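Across the two complexes that follow, chain A remains constant while its partner is chain B and subsequently chain C.
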Partner chain A sequence: MKRRKEVRGYLLLAPAALLICVLILIPTIETIYCSFFNYRTQMAALGMKFIGLENYVKVFSDSFFWDTFWWTIVFTAVTVALELVIGMLLALLMTKKIPGQGLIRAVVLVPWAMPAIVAGIIWSQIFAYNGFINNLLSALPFVQENYPWLGNESSAKVAVMIADIWKNTPYMSLLLLSGLLTINKEYYEAATIDGAGRWRQFWSITVPLVRPTMMVTILFRIISAMRVYDLIVAMTNGGPGGSTTTVSMYAISTYFTYGNIGYGSALSVMLLLVSVVISLFFVDSLKSRVR
Partner chain B sequence: MRKAILVIMIMLAACSVFAGGSSEKKDGPVTITYYGRPDVELEREIIASFEAENPGIKVNYVELPSSSNDRLKTIQTVLQSQGTEMDVFAGDACWPAIFISAGWVEPLDDYITPEVRGGYIDTMLSAYTVNGRTYGLPFMADVCALYYRDDLLSKYGLTVPQTYDEILEYSKIIMEGEADPNLYGWGYIGVQNETLACCFLSIYWALGGPDMVNEDGEFTFDYGIAEKALELMRSYSFGEGISPAAIGSFDTTTLRNNVMAGNIVFDTDWLSGYAKYNGDSSSVKGSMKIAALPTNGAIGGWGLMVSAYSEHKEAAAKFALYRSSYESQMKALEMVDQVPTLNVFYDPETVPAGYEYLVDFLAPLSVARPRGITPFYAAISSRIQIEASAVICDMKTPAEAVKDLEAGINSVIG
Partner chain C sequence: MKEKITPVKAIFIAFLVLYLLAMVFPLVYLVSASFMTEADLSAIPAKLIPSSLQIRNYVTAFTRQPIVLYVLNSFITSFLSVFICLIAGCLASYSLVRTRIKGKTLFLLFVLAISLLPTITIINPIYRMYSDAKLLNTRIGLSIISAVLDLPMTIWFLTAAFKSVPVSFEESAEIEGAGLSTILVKVYVPLLKGSIFSIGIIDFISAWNKYLLSQVLNPLEKARTVVVGLTLYQLEISIPFEIVSAASVITIIPLFVIVLLFQKNILGGLLDGGIKE
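Up next, the complex of A and B:
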């Protein structure tokens, strides 16, 4: 009987496992495989030439890769940190019983539900030379000229981070809200009786109890922030001067647009490795907490 | 449980039967698959009239995505896998070298008569010609052109500038004369994208820069001249001030809005700018004229190519010829304003009624120059875009940018 149950379990898992294999595992293995070859569409007739780790050696000496790498890290760290703080504030607000609570929860989701490319186009128009922000600022008496928000390295970087925070905070806050709703109210009542203030309650009850949800949410956001692509492509196309190009943008254009499949694969694998290391760190910290 | 598994297996079997069914060949009409631009109504109409004229051929139309990069990805993915599911496709004028070097496209010389060949504007056909063989038929023309405010030029007794020095000189005369703080001499699309690379190349050519690759396939790009071109772009923005200092943030919409508001005397833009500049919402309607850029402008536009893996090459070539014929191009002009590639549209004697403005397009079209007939063009251009953007956004000096450009290009072609 027990065996039959086990078999049934595996059978039920099979479709999902098959799907993951076909859609994720095989392409990943193929990408890793391709990264050891000199393989370019321009020389498709010559086929693939095995070159060992040469592509990886090239990655390490590629200064543009390092520019995109550090920018991706900064982008991820800043956006996820701010999304966490703002998302937590929104989630705490959404737990309050107020009229129209359901509607508010639904409306908050709109930016997240919007395709990234559409959000990118909207924000590029907001920051455009004749865009919304410059029009608003020109009403001020001391503003003489329009500012090129997307034509300056630092302001372009800030602009794409603002757009990403706007787009992804709802996702963060909704997952955090689901965590907050599972916390038993009695803890707070007991704490109040014991004389603990709001601030103390937040750090001693809310944070520890919402922590598992929070860690998973942060992990999801880090992984997706590291892969950011369409939002930035639509806003700056990686400019000015390549300063907002992320690793995934560089990898995708190397692979598809430049037709350098070997090197593009190596760049993707680098991104994969970083994501895996970060994920392992988070999964590990989750495990130790659960214990 | 067993039953459930049985049902699933039957369903899977049924799926495979349906999937396999389509690959079975029957006698009857040949079906070719055409990956075309997403002008659905236009393409469907052209296909319908092609099928009416050629009862033996059916055309299956697949819409390409809306962005040019995604289109390249789609086409490249099919060709890379040597797929037979695509027979003929529409390709950007700067792609042929990629496909030709990979051996993915069929030469069309055997299918075109000298009359057909002579019908095209020479420069438009040149984008699809490598080593004397023609691999594509252009059906939509485009080029970077120089637009100018005719009213202001005549007011100051100036003629159309023939060099970038003259653009600078005339801009200064007009800016001083008008004394309007919002008026700039020269504008272009300065955000980091392909058009910026095209604008850079036009300046590079005007300063005497050679083609990226010579006839023997050697890389002959001149970094010294590239540096001079970047210096020119930088000085026009920062020293001379005839271009806005914010030009690096000007996308197509921003540039065109500023031209239409009458804030720009000269500008480098594609042919599609003409209708906007002279449209009803433009304050310079009727006075924004078009001319050739100094020396050369970069070729744009689209052409049809036949896949080397097609099982019906003759039918595919027949369709390519039809799609680029006078009849189809006339339809495309009427329905979606596609600029034609045939000489007959530009002759004052034969220009279609209502499209007389096309005659003015001939000058820029006849000095159109391929951006770089090298399979590495996309990668080289992206490096040019990054460095040109860095210079006009005041992030690097031209000397630094050219150093990085050389390193970047070497890593791509090496």
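Up next, the complex of A and C:
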């Protein structure tokens, strides 16, 4: 009877496990495998030629890769840091019993539910040369001409980051809120009696107790910021001059525009490696989540 | 009992109001732009309210691209994806919570790990696999991979839900001679239908919004989803923003109807610790 139950357990797990193996695990291994080959779709007749680490040697000396790499890192660091700070403020506010609490929580779902492509389209119009911001500024007497927000490298980068912060802070704040809601109010009452101020309470009670949720949330945001694609495709399509092209965008064009599967795979594996290294810093937080 | 408004509180409230305005502004601007004329859009100072309601933008949006087909494709793909995700997710979660199989923790960690994978590490092999299996440009193909990518958060969420059901419920049903399928359908599903529905909605929105996979796997019109179809308006240089806005509004209407109707479920789902990328 027990034995039968165990077999049944595996059978029930099988569909999910099979789907994950066939569609995620095997493709990942295949990509790692392909990264050691010279393989181009336009020259399919030549087949795959094993070239060892040559693709990686090329990656390391590819200055455009490093541009996309550092931009991806900067984008991730800045957006996640700001999303965390704003998200925490917002989450703290959402725990308060204030009028319109339901409305606040509902409004926060707007950017969350919006497809990144649509968010990118809207923000690109807001920052466009003849767009909303320039048309507002032009009304001011001292503004002489329109500023090309998306046509200048640094302002395009800032614009893209603003759009991402708009899109993803709500998610951050809701997950932080879920952590905050589990904190027992009595801690704060006791701390108040002991004369601890708000600031002190935040650092000594809130932060330590919300830390497990916070770490997992940060990890997930970091990983999804590192693979950013849709939003930037819709806003700048990687421009101007490739300055907002992320590693994901570079890999996709290497695969599908240039048909260079080997090199595209090596680029993907680089991003995978960085994700793995970052995840390792969060292993303890992840473990606590499994328990 | 009126509380005193301290400076700190005032700053908090100001922050909140500003933030909420910032949250809704892009949506309001989008909807408003979809009714504007080209002149309205480039007016100085910038306009927020259209001078007249240009329904024509929508007529153009509907005629330039087969957007009705795209929306239909998105619906079918997302529904199939939710269906696959919930079936596989419920079975796996039941197994992880209520049977004595080995390696549960390992499996959960594994599931968590795969949700951290960048999409670009799987997309090319998936493309080739689909090409061999004739699954490119099909709604079912896209929905399967979409479901698998949402499976980790679904399993995480549902294992927590299954844990909340007392084991005694199942045991008493078992004593009465109920089989596994009866137990799942008659005991768990009725008790967990709220949770299952919540995660289903979140999966739906996630599937609807998937762009990269849809762009790569379904490039042809017949199975193209609306988030990809939307970008085709922009590709034609002459298409102005008001038309793109109208198409965008058409794209997001189903999402926002869902958000309006089911915001409690969505919030419940997210606040119960559902991990969504």
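List of remarks:
Note that the second predicted complex is superposed on the first by the 271 of 291 C-alpha atoms of A that agree within 3 Å, B and C clash if a C-alpha of one lies under 4 Å from a C-alpha of the other, contacts with A are read in each partner's own complex, and residues count from 1 in each chain.
Methods note: contacts are C-beta pairs under 8 Å (C-beta built on N, C-alpha and C of every residue); 3 or more make two chains touch, one makes a residue touch a chain.
On a predicted model such as this, the values are computed, not experimentally measured, just so you know.
Looking at the shared chain after the overlay, A:Asn130 reaches both chain B and chain C.
Within the superposed three-chain model, A:Ile193 lies out of touch with both chain B and chain C [touch as defined at top].
Of the two partner chains, chain B is the only one that A:Tyr147 touches; chain C does not reach it. In the superposed pair of complexes, A:Lys58 makes contact with chain B only, with no contact to chain C. Contact with chain B, but none with chain C, is seen for A:Gly238 once the two complexes are overlaid on the shared chain.
Contacts of A:Val277 after superposition on the shared chain: neither chain B nor chain C is touched.
Residue contacts after overlaying the shared chain place A:Met43 against chain B, while chain C stays out of touching range.
Using the contact criterion defined above for the overlaid structures, shared-chain residue A:Phe256 touches chain B and also reaches chain C. Taking chain B and chain C in turn and counting the residues of chain A each one touches, the greater count comes from C. On chain A, the patch touched by chain B and the patch touched by chain C overlap at residues 8, 125, 128, 130, 256.
Residues 8, 11, 41-45, 58, 62-64, 124-125, 128-130, 145-153, 236-243, 245, 253-254, 256-260 of chain A are the ones touching chain B in the complex. Of all residues in chain B, only 1, 5, 69, 72-73, 76, 80, 98, 101-104, 190-193, 245-251, 253-254, 257-258, 375-376, 378-379, 382, 385-387, 389-391, 393, 395-396, 407-408, 411-412 touch chain A in the complex they form. Interface residues of chain A, counted against chain C in their complex, comprise 2, 5-6, 8-10, 12-13, 15-17, 19-20, 23-28, 30-31, 34, 86, 89-90, 93, 104-111, 113-119, 121-123, 125-126, 128, 130-133, 135-136, 138-139, 166, 170-171, 174-175, 177-178, 181, 198, 213, 216, 219-220, 223-224, 226-227, 229-230, 233-234, 247-248, 251-252, 255-256, 261, 264-265, 267-269, 271-272, 275, 279, 286-287, 289-290. Taken in their complex, chain C has these residues touching chain A: 8, 12, 15-16, 19-20, 22-24, 26-27, 29-30, 33, 41-47, 84, 87-89, 91-92, 94-96, 99-101, 105, 107-126, 129, 144-145, 147-149, 151, 155, 180, 205, 208-209, 211-212, 216, 227, 230-231, 234, 241, 244-245, 248, 251-252, 255-256, 258-259, 263, 266-267, 270-273, 275-277.
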